[in-house]
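To keep things simple, chains are lettered A, B, C and D as they appear, and every chain counts its residues starting from 1.
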Amino acid sequence: MPMKFFAAGALVLATSVASLLTPALAADTNMKNLDIDLSKVTRENFYDIVVPAAKAEGTVTMYNFAGSFSDTWKKLTDSFEAKYGIKVVYSDVNGDQANQQLIAVQAAGQDAPVDVYFAGGGGYPLLSSKGVIGKIALTKVLPNMATYDPVLADTVFGRAHGGTFPLVHLNQTAIGYDSAFVKANDVPKNFEELLAWAENHPKRLGVTLPAKGGSGSGFIYSVALNYLTGDCRKTLMDYSLTLKQAEDWAMKSECLKPVWDYYSRLLKVAELTNGNADTLNLINNRQLYMGTVWEDQVMTFLGNKQLPDSFRLTLLEKGQVGSGDAMFVPANAKHVAAALLLVDLAMGKDFQTWKLETKASRSPRTDITNDLIPAAMKEHVLPKSVYPRLSVPAFWDMSQALAEALDEKVLNQ
Amino acid sequence: MMSELEIRNLTKHYGETRVLHPVSLSVERGEFVTILGPSGCGKSTLLRILMGISEASGGEIHLAGKRLDLAPPEARDIAMVFQSYALFPHMSVAKNLGFGLKMKNVPKDERAKRIAHVVDICNLHGLLDRMPRQLSGGQQQRVALARAVVMQPSLLLFDEPLSNLDAKLRDSLRHDLVALHRRIGTTSLYVTHDQAEAMAMSDRIVVMNAGRIVEIGTPLELYRSPRHVFTAQFLGQTNLLTVEASGTGGRLPWGQVITLDRPATGTAQVSLRPENIAIIADENGVATVSSVAFLGATLFYTMEIGTLSLKVSQAGGVDPLSVGTRVSFDLAGPVHLLDHLPMAEAA
Amino acid sequence: MSVLHRHRSLQLLLLLTPGVGYLLFFFGTPLLSALVGSFQLEDGTFTLNWYQCIFTRASTLRGLSTSIYYGTMPVLLSLTLSVPLSLLLRRSFLGRKLFSGLYKLPLAVPGIIVGLMVIVVFERGGFFDRLLAPIGFTLPKLVRDDWGIGVILAGAWKQVPFMTLIITSAFAAIPEDIRHAARSLGASRLKTFLFVDIPLAMPGITAAILLTFIGSMSSFAIPDIVGPPTARPLSVLMVQEFKQGRFEQVYAMGMVLSLFAIIVLLAYYSLTSRIGHDSRKGEQS
Amino acid sequence: MTLLAIDSREAPRRRLFKAEDRPLVSAGLYLALALCIALPLTLMFLWSVADGWQPPSIFPQSFTTSRWIHILGDENLVAALLTSLFIAFTVTILTALIAMPTAWAMGRFPFRLKRLVEIFILAPVIIPGLVVAVGVGKVFLLLGLAYSVAGVIIVQIVGTLPLMIRLMSATFETIPDELIHAARSLGAGTASIVLHVILPLSVPGLLAGGLMSFIGSFEEFDKSFIVGAPVIQTLPIKLYMYLDPYSMQLPLAAIVSFILLLPALIVFIIAGRIMRDDLMAAGMGKI
């Protein structure tokens, strides 16, 4: 079961979520340009209703925020066009700019320029707070989401989304190391061992600056999970906190002292890097031997021969953050039916399997497991012994709050 | 004994282009020498080499017994007055005057004394605190002059310093300059293309053309008995005529027989100054007045003899002859014979 | 007279309208709304909160001083490179024309690509490190280093052509005669340069300094990718806030940055106009 | 070295630059140019074709063109290039047209508040673009200019106008009054004065300003994206994603840099020879 720790994290929420969010099948959807009656759509009659409407729309526009995914989506859009005869207008975008564009468009009440947006999973709080995300319970109506992870179907990183913001790709932060320099026995198994290794190998561990990359902000949250106990830990995992509340807590709470202490010690001996790619480049240059990384990005870099073949991954005890990226339909999208059809195809078993096999892109489908990973890739992905056992759900708002507090408490002191 | 300034076989060429053929010149201490020539004759190049801005391709320069051409400009003991004045626009007049003294580490009280002195002789009272752009052209010129004089150099160079001024101011400044030179007695080299200026100011004139020195002499010598066609033409107005010479006798193109100032044989050239021709109205004269210009002090005629035309000037006190009047004329004294040399080779 | 005068004002207004009017509408309006936004909470009530954040947080305070540091250092470095380069460019040398076309190339290179170049050349374990490794040298840390040397190098790389262009022209505008006069008055090359060239070229040089200071203080791509992760200038922090969608905070930071630039600009103006005023007074006396 | 020593013994003074030094000076300058500009570009190019480049190799172990083929193979790339070129040309021409009258006023009319107007014209250079970009996006949505070529052009002109106005007013300042009076006394009307006297004399300024506007427009990303994407795809909009610093892959970023830089490179090499530096300096350096 991938991401089963989501269950633990979101258990408390489960009931409240159900009452808070009426399924978006009702008429109170915020969709501006609906040409189908959403309330009548079920998994069973989905294709009967949606396909004709989509064909009538004739075209669908898609944004992709992730540079490394353009080949992947090419495959999807090609098969979509072949299957339905609906043209896909595809754009690679810069995620931040695209978010701001959609927010501005929404604020102005205009039609959205895009129908399907593959967006960073961490963008949910921002986008949903600005009303950009279309209220369609995708996970409840798309046939290909029948086997969707039940926790993710309603929540994303602890936030209830009612099926509107389904992750279509899961990724995992990890500790990566060059096995040519780090012997199997020396590979750290927990945060203490990691610190000890760094102290024995000064400036050989790369830690991504939390503000500049998810592998870093995931890491700081993982550190906090490792050291906090009791009420402190409860607050840390209280997904109902808003960003503002999290920021206030992170800035003021005494709970986080062990985290700041850990970082103070760690940064004396580790190299703080400017981004996920920066960490990987330094490892490739053999300046660093170990660092905080994303599993799927490592695969991309390996594919471009920007990392040595001896590169390996592991997770630390008590867990490291797992995340993912979502596809959603903006509230003001113009080609809703076609958009639904495209998201559905993206979750198709064939496509999700191919994605896992070629990019180590993990799937929220429960019927796609580690066993499908080809043998040749196995040594470059997280070993079965740690994944998904040590994967914990991301809480990006808290991560960001911690990152900002780190700036004040450690980096600028 | 060596002259104050001695220039020996100075040459300058850029690649194949020669701008200065071997030039030699000596200037005595206290002398005021003018280098006169049309633009492009090499006089500015010579000046730049003297100053040290430009390097000679060959030859030597000595000033006050010392070899000069290897020293940098600042070590040459030469001061220059520029055509553009070249005052430092960001310094007051006082600072302009003090700049050179400061550069040469002249002590402060000595500096003040010298500045006071030039302020006096160049009549710059009350201008010391002004900025250059607040001065008139004439004032700027005087400051530029004072700035050079205050250095008490072995040699003063002047690069057409009056050419940017209007005629009247130019006249008065020319006068002031001569007076100043008489007073300070600094050896001076003055470059100009204005022959009147050269005649009025110089002890000697060096006539230059096409990168060569054509002729050197006092203004009187060069005007009265130039050796070269170029000099004759460049200094004042003249009529150039071809004569058939034999001994001191010569025959003008229209058959008139004249006396030459020295003997020659065959075809020769003579220079006949307009003021040396006297005309009177004469029904049977060989010439006809074709134009008259009244210039106040003089009357200036052009008259035609067959296909030739002659320039004639007459004191302005008489009534002018009208155009078309037939005239006869007399030549006062022997006619000046020029050296038989093509212009390009005159050197 | 007054009709003529009115006519002239009208003419002036008509002439100014296209350019200034365009900027007023398409630049002034959004700027004004940003300014207003920087004083508002999301619900529209007045607040100084966003500015308070800037001047109370350790990271933003450090960001301010870092901004000034990144504004100043590249300017100083470019100046020490541009002045000699301008002097060389005055001389004639083989291929001068081509050179003066090529050296301006960095003017057209976006900051992010400059950052990329610095990484490609100077990254630890990168090209130079590998080149020097066989002879036992290692390059000092130039990317992500605590003193921001990489940022300064990249900034200077982008500014040197701009400065050189302006300083070359400032020097070229000084008449040769004035330089020669100084030489003939006993000033050596160096003294001529110090007492004549430099003071006369000063207006151009200060203008260049000012513009490059403003430019490098507000540049964000270069410090973002080659600067140290700890001390980040305000411009980088601003982009960070932009990504979080906190526009009010972005506006406030933008205003502080702009205000700083404008203060420097006004100081320059008052300084130069005072000088101008003094000399005019001299004229009257 | 020995040669130099002998030389200096013979002559008591050595000028800093002799004609003989010219090759040395030019060799030095070109070497500096090679180190500062050619070397980074070369390394970037090597990155773009490197198929694995790990220490201690000074040069890539093997090469591949597949990434170039992949990016260039994007069928929309040529369309984006054409859009970019069209927009850049239009922006350049419109910028010049809008700038001219204002520059004339700034260059030739003395008036009160001129300094203030000058600062305002300079403001788009001073104010961080990000602050304006979002606001502009909102305004354009209201005006119905979003996602249109016109919108992108309008928003880019905000960025190119200041420099053009400054360059043109510097140019206009240098046109002597006498010339215009002379033309007028010869019977030329305002229109023909503009056409036959002012325009020909402002060609150097237009050239310099046009060049900077063209490049400025060609490489603009922030504002164009917010106003134009995805309907309007300019080259930077298409490619900037690869330059995201936090997930940047050097090989792809290198290719993108080249594609974006190439036009600027060509323009600079051509225009560098005809552009008047003094004018450029007067426009850019004067405050």
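The definition used in the following text is that a contact is a pair of C-beta atoms (placed from the backbone, for glycine too) under 8 Å apart; a residue touches a chain by one contact, two chains touch by 3 or more.
Note that the structure is a prediction, hence the values are computed from the model and not measured.
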Legend entry - Of all other chains, the one whose Cα centre sits farthest from chain A: B
Legend entry - Pair of chains whose C-beta contact count is the highest in the structure: C-D
Inset, instruction - Return the distance between the CA-based centres of chain B and chain D, expressed in whole Å. - result: 54
Inset, instruction - Find the geometric centre of each of chain A and chain B from their Cα atoms only, then give the gap between the two centres in Å, rounded to an integer. - result: 91
Legend entry - Distance between the centres, which are taken as Cα means, of chain D and chain A, whole angstrom: 39
Legend entry - Junction residues of chain D, two or more chains touched: 55, 134, 138, 245, 248, 250
Legend entry - Sites on chain A at which at least two other chains make contact: 100, 212, 274-275, 278, 281, 285-286
Legend entry - Where chain B touches two or more other chains at once, by residue number: 72
Inset, instruction - Report the residues of chain C in contact with chain B in the complex, numbered from low to high. - result: 175, 177-178, 180-189, 191, 195-196, 199-200, 279, 282-283, 285
Legend entry - chain C-facing residues of chain A, complex: 96, 99-100, 103, 126, 130, 209, 211-212, 271-275, 278, 281-282, 285-287, 400, 404, 407-408, 411-413
Legend entry - chain C residues touching chain A - in the complex, by the definition given at the top: 57-59, 61-62, 119, 123-126, 129, 144, 224-231, 240, 242-245
Inset, instruction - Provide the residue numbers of chain B that touch chain C in the complex, in ascending order. - result: 51-53, 72-76, 78-80, 82-84, 86-90, 99-100, 103-104, 129-131, 134, 147, 151, 157
Inset, instruction - In the complex, go through chain A and note every residue touching chain D. - result: 61, 63, 65-68, 71, 89, 91-95, 97-98, 100-101, 104-105, 107-108, 110, 113-114, 212-213, 274-278, 281, 284-286, 297, 300-301, 304-306, 308
